[in-house]
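Input: a single structure, listed below in structure tokens.
So that you can tell them apart, the chains are marked A, B, C and D in the order they are listed, and the count of residues begins at 1 in each.
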Amino acid sequence: MIRQRYRIAVIGVGYWGPKLVRNFRSSPDWDLVAVCDRDERRAREVVGPRSTVEIETSVERLLARDDIDAVAIATPAQSHAALTLAAFDAGKHVVVEKPLAPTSEEAAVMIEAGTAAGLTLMVDHTYCYTPAVEYIHDIVAKGILGHVLYVDSTRINLGLVQPDVDVFWDLAPHDLAILDYALPGGLVPEHVSATGADPLGAGKACIGYATMPLANRGVAHVNVNWMSPTKIRRMVIGGSHRTLVWDDLNPHQRVAIHDRGIDLAASADVGDVNKRRDSAVSYRLGDITVPALPETEALSSMVTEFASAIREQRPPRTDGLAGLRVLSVLEAISESLAAHGQPVRPGEPDLLLNGVLS
Amino acid sequence: MIRQRYRIAVIGVGYWGPKLVRNFRSSPDWDLVAVCDRDERRAREVVGPRSTVEIETSVERLLARDDIDAVAIATPAQSHAALTLAAFDAGKHVVVEKPLAPTSEEAAVMIEAGTAAGLTLMVDHTYCYTPAVEYIHDIVAKGILGHVLYVDSTRINLGLVQPDVDVFWDLAPHDLAILDYALPGGLVPEHVSATGADPLGAGKACIGYATMPLANRGVAHVNVNWMSPTKIRRMVIGGSHRTLVWDDLNPHQRVAIHDRGIDLAASADVGDVNKRRDSAVSYRLGDITVPALPETEALSSMVTEFASAIREQRPPRTDGLAGLRVLSVLEAISESLAAHGQPVRPGEPDLLLNGVLS
Amino acid sequence: MIRQRYRIAVIGVGYWGPKLVRNFRSSPDWDLVAVCDRDERRAREVVGPRSTVEIETSVERLLARDDIDAVAIATPAQSHAALTLAAFDAGKHVVVEKPLAPTSEEAAVMIEAGTAAGLTLMVDHTYCYTPAVEYIHDIVAKGILGHVLYVDSTRINLGLVQPDVDVFWDLAPHDLAILDYALPGGLVPEHVSATGADPLGAGKACIGYATMPLANRGVAHVNVNWMSPTKIRRMVIGGSHRTLVWDDLNPHQRVAIHDRGIDLAASADVGDVNKRRDSAVSYRLGDITVPALPETEALSSMVTEFASAIREQRPPRTDGLAGLRVLSVLEAISESLAAHGQPVRPGEPDLLLNGVLS
Amino acid sequence: MIRQRYRIAVIGVGYWGPKLVRNFRSSPDWDLVAVCDRDERRAREVVGPRSTVEIETSVERLLARDDIDAVAIATPAQSHAALTLAAFDAGKHVVVEKPLAPTSEEAAVMIEAGTAAGLTLMVDHTYCYTPAVEYIHDIVAKGILGHVLYVDSTRINLGLVQPDVDVFWDLAPHDLAILDYALPGGLVPEHVSATGADPLGAGKACIGYATMPLANRGVAHVNVNWMSPTKIRRMVIGGSHRTLVWDDLNPHQRVAIHDRGIDLAASADVGDVNKRRDSAVSYRLGDITVPALPETEALSSMVTEFASAIREQRPPRTDGLAGLRVLSVLEAISESLAAHGQPVRPGEPDLLLNGVLS
């Protein structure tokens, strides 16, 4: 049985576009037909020599072609909604670089348009396609960790001060998208509290901390930072049974399951400080297990999922709604940050889409 | 020249007391005369066999002895003030396990009493006597890091749920005491914002996050957690010139100075997202230096400093005021935690002591 | 039931003696009666102030006392045999710092004397009492690793050039004693091949490599080095089923069991180099398990074992024969080293003891 | 100024060929004209869709083309000499995957042919083009480490049992090529001693250890292993002034310079074992420096060097002679391994080439 190869064009070859070009090009599910960017020379450079992949410098011309089934949009966020709506008008499926849009309102309109046109809308939450996050999703879903008590996510690095967005909008979409995929029920916190700092006077937060309650008294915390000389991408998911540590920059041991924790019953009767030494046994120190994970490239799985979702006429793993939930939390973070940490309730995706999808 | 050996007694041999016993015993500055605890058998066990160190079960009897110059108090925090005042009444110098007292009011009274009696009051902020923190203090004071832009402190572990205090009061005194010693001017933040969680229903926060602004738009963040299966004690001090990373559990490389950072001038003119790839050079990647630090035990330096302060009739490195500043921030953290992260202004040590020390 | 406390004296308080003093002192199985060293001041310093442990400066006087059941000998190796024989003459049990003796001949005489006197002779192969090595011994004995295919042991550090011995005699006794305890049947290699270097002109090898075949085509390799700026204490035990990695300086993960290896059947049919990419699946990548190990001090277990062996009138875990086997291999290493790596057959412990124990 | 782009073809697309294809393709110095492999489908797959790079299935046809300046040979070692000679006959420059040839005799013939034809012969000792090895070469050459006292190289992994070669011939060429480039004067040891094991009965060594003396009483040791579940690529270069540690799998800290070592003068007067504790200061514990290294791909630098050597009509960094020196040591290793570790003197490159190059 031969699977159909869909024909794709990549729009925008700034930072992310070339990665999409490489992955669509080498995927058995896709035929990369064209690359589109106003900067023709840059586009040609990305495609490389001795290639018959076509270069387009006009989106209109590109979308007017009938030898293209889908487009991947890797332009600045401000242009995502307009390009997506034009692509749907032209009958093309769409995958969009994160964030889905600059506002949840625009995201809602994009979702509506895709639904109305019967075309696939996907957001490239790349991390949700890494073997580590796929493993995390499964192990949480199977209850192996127990209830999720806390999530602590650190994503710090020496990064560029972005011209258009602060550190939350640059980095936290990754953490939030992962949480949205990994947590049962998705990411719909009751409120969000965020603080940050701009110690360089860049005009926007370069360091950010956000806390949001999870179900059952749990908590999630996200720490993002553009100014760290050490690069850390680490997420801890503490469960009532076991705790998972994901250290994305440690290839020898990306994910570890710690069968250890504290036993409240045992420690609750510690009434006398002098007994502290005796009650030191009240936490459980079990084994650590490091699962063998495949070393597949996330973007390769992402482009496969895009093709599968089109073929099977089902929502992709990271559909427009996932993108919308992430945007709602980001907007609440911005509002709380401006109010010095006061809790802010995110907009509810269902309400945004009300009247639209019903 | 022979230095005078002061005669000391340790009060309380729960968790911390035995460590004090061991260090006073082996110090050339001290003669450990007696150990005092209501539990005579425990005290005898701590002193060990074939020893002539005396055991006292009554504080009154202990303080009435005239062969003792000073006492080290390692009892629950609730008793610190009463024991300290009694010791000052009996003419003994005092060092107290952290926290100095359960409230800043009591701490202020203790400071006043010591000043009035002309006796030394010291709080055992042990970390301030580690070679790493001494190095950090020096390098910050010399300006080698430049201005402090941010501090990020993580102190997480599988810990016991304490009967009397939450995770902030158990663990954060360490971070705050270190900041108080390392930052020029001590720790006097304008306000503090704290969030936390009690996912086990222990009746108190087991996970905590606190943010506080520093001078010049800087920020300090403290993350404490009793429920982490991995033990992390890590502090990052980001400066305008260099950044210091202190990883206390890595004996091979406890402290590292990173000569790297972001250069705002270079990145500010990034006006076009498509130029992102080009501006990737706007951060500076210099060398890392790992200084050779001595491997001395902090408590050993602490007991030496206690003797030196008495001998030289000067305030010790971690005097009562340092303890008071830490308590003021802790009280503000508790208040903010109860108010879901709302910023709270710590009480000013100067005001607390007003009328007292003037 | 109250266990008998044996009365012990420690002879020699150079580098190792003080550690023995501390452990015998705090052991419930032992009563430390006296410490013996020609340097009375040093002995008194080690015992510490306010102690009634007695100081002896004469071994003869010490051994003549009838309030001592056993002695721990921590003097230079040259004196081990004479002191041990004198102690047996005086009816005392003996534990000796490693190496048991400077030669296997002297070791054989010591073993014989202990057997004849009906007294316990133990060698302090400290590592055999660490939780890690106890775990390794058990897991090898239970067959969880399968057959032992290879052992790779690295013990490198910035060390002192010893006045009396080369790096093999200083460091390799640890590796060999561990192998002797961990391998089924003990360490009795058919031959040993050793190379080394003295790049500083110290007059003895400061860097050493030794290879010795194990049963069933296996191999053990030991790498010792006094000149390494990084400290490594790492042993890998590759088995036909699983491989164990022991990294003694990583407290977070001292021992890890890797359920991975190569499958010969699968890789044997790789006849064409162009197929290399396809046969990359012929090794098995299973999970890693990190067992929770207790954090007990090895010397504490060692002194307990010494008491138990005396009480139960059985050979201790590291008896004289274990010490003799290690010495036989060390002597072969020295001989091979002088002959630039030529294989040398170690003396057989059974032959050395022939006539003696029969 | 525009540099000339040379036209290249890659011969053989097994494991290494595709990496060469990718790097020649993206190099501004090269125009990848054709890929040659008997397996046309595989070649087409490597080139990818929508490409005009040509596929050749006959080496004869390929070499007969006049639009090709050079070839990169990535076929099994047995074919290297024949293909190289044919390429020289056709007037093409040649770069060959390591090892240069299966025997030093063939290598000598290849060198002669290249010299006679006035064409470039290069061996792809890839590691010599990594930023780490370039840094190592420079720092050794500048004398910053002092004299090289020892080199310890570990290259272990879970690898495939190769059909044609043992673990030394598979892995050690990397270590030897690095040594050849990094050591002043290249790798010309007086003798080599090698041991190994074949615990699986694979018919060839799967574990290997080789020791070889360096100038001035120094030593180099190489440890290669196909059966290690953990992957280690680590080289330590101990110098009389400083020691360099290269941990290739640690991207945060690939190279570290340790300013520490032992001071013989200080430790030589340790005549009394009881003084051991006092002489512990005789080694120097200075700082560690971690240089910032670029993250460029080695193969990209390699193809650049190939073009530069052709353009400048000079020997490339890793020329045929470098390949020949590595082969001479490998042949001595094989001979010593068969003789159970007996020292074997490598053939001298100068003698092999005698009559040839003169």
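General observations
By our rule, contacts are C-beta pairs under 8 Å (C-beta built on N, C-alpha and C of every residue); 3 or more make two chains touch, one makes a residue touch a chain.
The model shown is predicted, which means the values in this text are computed figures rather than measured ones.
A centroid comparison over C-alpha atoms places A as the chain most distant from chain C.
With A-D and A-B as the two chain pairs, more C-beta contacts join A-B.
Remark: chain B and chain D have CA centroids separated by 52 Å (rounded to whole angstrom).
Centre-to-centre separation of chain A and chain B, using mean CA positions: 39 Å. Of all residues in chain B, those touching 2 or more other chains are 230, 260, 285, 288, listed in ascending order. By the touch rule above, chain D contacts chain C in their complex via residues 12, 14-15, 39, 42, 75-76, 147, 149-150, 152, 158-164, 193, 195-202, 206-207, 209, 211, 213, 216-219, 221, 223, 225-230, 236, 238, 243, 245, 258, 260-262, 264, 267-268, 270-274, 276-277, 279-280, 282-283, 285, 288, 340-343.
Residues 25-26, 31-32, 48-53, 230-231, 249, 251-252 of chain A are the ones that touch chain D when the two sit in their complex. Note for the complex: chain D touches chain B at residues 253, 256, 260, 285-292.
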